[in-house]
């Protein structure tokens, strides 16, 4: 396993380096003179020249790239134009909220998707199978932003079952302030036993998380069903039936574990897709995550911020891929042996 | 007297084998309806001019009625007509993106899969970089650079989708390259490019075609999302994502302005998915 | 004492009969072999005895011990699978769950039939030793054992569960010939010493002739000839049987017996 | 005249060597290469076919090093040496009809008119005992035997001088196997073809090959006239291989208890399961040497040839 792991780490570093270069290139494509962005629209020629010198905008591109990388590694991700804060701090503030939202959505997707996939495989060709397949196809077809609006209108502003927007009831900041550890509200509330904020956050989470969970839940259900059907047609399933195990036991206690392999490899892909969906949902539910921060940065052409968000999401994807690889090794010894 | 396993088969409302074909057929029919609607839009749309830039302020926000089955939008345009014309945009984007990213992905994937060695590593790492790069953000950046428009959406999505097909094709081509008939061709002295074209490519296409039909829905959703964020089509082009974005504040008061374009996206994406599922099950057998 | 009996078995898929066996009995301590080429229905017949022909229309009467397989309830059927009659399959590694240690599989199978804790551990080790395997193998995964070891483990599974009938579907055709002898020897010894009934399906007539007491020859789903092995191989009545026998590649006879050789040879090299 | 030869060839996948220092010559007659799974016989075959480059040692076509052949030399080699793989469905492109597969072979080296092509395809199909109407069928629409015959016809299309047959019949039923062996024997005679027959089946080699080599763990442990090899084996592995094959109505083969040990890395690779192993076998890897007209890599070959009988060999075991 270590040899394989080192190679995978090497590849991951290469990919992140590639993303950094690509981000740098794309940011340079954005129209408008960066100097103007730093020195302000009314700056004089002298101030522009000064800004250009200070930010090294006259250096040859490779040098600028190297400076950019050096700053990145040093933790200096540049200053956001529209918040005037260091991008790193903005990200540190916004990212946990997105992680909380997407994380909750993925948990819902797994908790719902896998059992549905098992049920569909168990009753293959019969009603449960058909209904799970159709509903999961619907789930992956629904436009996220439209679903968000629909749920918000019906269950929040309409029936009032859930709060319309925001991460938790702001008034609670006074009555039972939250002590921050991980900067993820729900987790910190849980750790510090701050029940009011916890319940408020959870009720705020329901609608947006359900919207984001639709796509991954559909994909996980489809993939679990397909992998289980394929695995339970293999020789070892026949032997397990011949040992006296019923179909349900063969599916859940024998076929599920090897079948998880393809499902896991899908999760990294779905994770990336969900972060992007998260941006849309955050806009509708005014969730203080990366999405909102990215949307504001785009409207104001805030290149450092856009670059920051891009790099963070890319690194997240690479990390998710590595985590999935490790998890697959745990689930399937054959992978460990590779 | 039959074994317990058999009765279950007879009770199935949907015979397992036929079910699979019925799914592919249903998907194809649904998709055909959407395509027809798009092609015939100018003739079947009740108010063809509303598909363009015409506005009727006096008839703004009328609820669904005999005259306007889907009601009218903020500037009085018939929502049904715009949904029909919107189908053209969405299908154009879907087909264009799938064609461009599909071809690019398959070509790079086959080369990587068959060549192996450093060629495969280089291609695969480049693919990984584009895979890691968040599709939406690359699209945003491109949209900003190229000014929002339908072509921007096509380029932006194609640039971020080809890696999926490159990776899928590479893995399939790599396994095909180990098959006996490829060795036989090499032993015959058939030149490598010919082996790739004649043997490796045809045997690697099936899984990619299935994935392409499955992804049709995904492309439409992403395109709609881009328009929703104001980076895709812009006024007065009829595009479903844009229509939902413009009508989002009216969800509670004039629900039809938002709901019908949303449903149009759902139905089309669903049609692609059903067709893809049907093809996957039939070809996997 | 007949442990497995088949009467007027007919297995249909749609309207095609893929296997029909008028009469077949396997007694304790006896090996009955079904020989034939691919598509002869020999494997279908074997699987039908455990009700494992999913989706096929099976008629006739099959009794394992005192249980009529075709009329037994699914629950009753599951009870006798493994504990009365056990399956040994063609490709050893593929027949074992890839993510599970061999010991875990055996423990779960034993628990399924009500044997737990110390009793289960004891039966597992005893069964594994009975097939000449080191109990340490129970800690390994299927991809960490060889084909011959995996096949002998499958036989050990049957022993641990107390099966009186072993249904062996081409148990050695995926193994090298030098390893085949090991697996066949284990089956032969268990038949002789423990009175195991073995229903062996194979296309290898030479192999069958070295272990089978009775032989059933099948072709395109029907039985063309059956009888005591020695008789069928010496005086085959059916032309197809004759063709099968003629097709076995001739092998030059072993060399003449040679005189005594020097002292007993020291054990060299490390063991398994 | 030697058509194809391996000279001290070593082959490896990544760092693990699969074939070690193997020398083998294939001339007009039928040459056998006997080996079980994992012996490296298929990898060696791929090296002889020029599909795999040896890590060390040389594969010679005629007298020329295969790796050094120019364009014309390589084209000539590609026409002269053709493979027939184990499973017809593996050797034929599933999407191409039998006629198309054969036509590809015909047209790779020289242009032909459509009519000429059709005649040649029909002739080739007839030559391998198939009805020309089969040309329109795809591999999955044919039986195993038919697919294998199409694969042979495809190999014959370039009028080769040598066939490399990798387990040509082991995926087939016994009766079909017999008929394919008859076909190969007839074609070899009629077309003056040499062939290298690679298999684990001693019966098949006994019938079709004048001389044979036995491969164990990537090394040639014994080589010589096939009949001699099988009746009076000089290497303990050859003997174990021969004794393990059940004979119709014969004595059940005796298990040797340790046949599945991994090949030893030091000294003789067969020493762990070898009934004759002594300390020398552990300390010194036996080199191939001449013993009674046989090349054999065993320190005690003479004893295997002369003095070891079946009963005695197992005496120390009990």
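Going by the order they are written in, the chains are A, B, C and D; count residues from 1 in each one.
Quick note on the criterion: a residue touches a chain if its C-beta (ideal position, glycine included) is under 8 Å from a C-beta of that chain, and two chains touch if they have at least 3 such contacts.
Computed from a predicted model, the values in this text were never measured in an experiment.
**Student:** To get from chain A to chain D along touching chains, fewest steps?
**Tutor:** Step count on the best path from chain A to chain D: 2.
**Student:** Could you tell me which pair, C-D or B-D, is linked by more C-beta pairs in contact?
**Tutor:** C-D
**Student:** Please report how many Å separate the Cα centroid of chain A from that of chain C, as a whole number.
**Tutor:** Each chain reduced to its C-alpha mean, chain A and chain C end up 52 Å apart.
**Student:** From the C-alpha centre of chain C to that of chain D, how far is it in Å?
**Tutor:** The separation of the two C-alpha centroids amounts to 31 Å.
**Student:** Which parts of chain B, given as residue numbers and ranges, touch two or more other chains?
**Tutor:** Answer for chain B, listing residues that touch two or more other chains: 9.
**Student:** Do you know which chain C residues sit against two or more other chains?
**Tutor:** Expected reply: 74.
**Student:** Going by the contact rule at the top, pick out the chain C residues touching chain A in the complex.
**Tutor:** Residues 50, 52, 74, 78-83, 86-87, 89-91, 94-100, 108-109, 112-113, 141, 143-144, 154, 157, 161, 167.
**Student:** List the residues on chain D that touch chain B in their complex, please.
**Tutor:** 46, 49-51, 74-75, 78-79, 81-83, 85-87, 90-95, 101, 104-105, 108-109, 151, 154, 158
**Student:** Would you tell me which residues of chain B are touching chain D in their complex?
**Tutor:** Within the complex, chain B contacts chain D at residues 179-181, 183-190, 198-199, 202-203.
**Student:** Quick one: which bits of chain A touch chain C in the complex? Just the residue numbers, please.
**Tutor:** Listed in rising order, the residues of chain A that touch chain C are 234-236, 238-246, 249, 253-254, 257-258, 331-334, 337.
**Student:** Within their complex, state which residues of chain B touch chain A.
**Tutor:** 8-9, 11-16, 19, 23, 125-126, 128-138, 140-142, 144-145, 217-218, 221, 224-225, 228-229, 240-241, 244-245, 248, 251-252, 255, 258-259, 261-262, 265-266, 269-270, 272-274, 277, 280, 284
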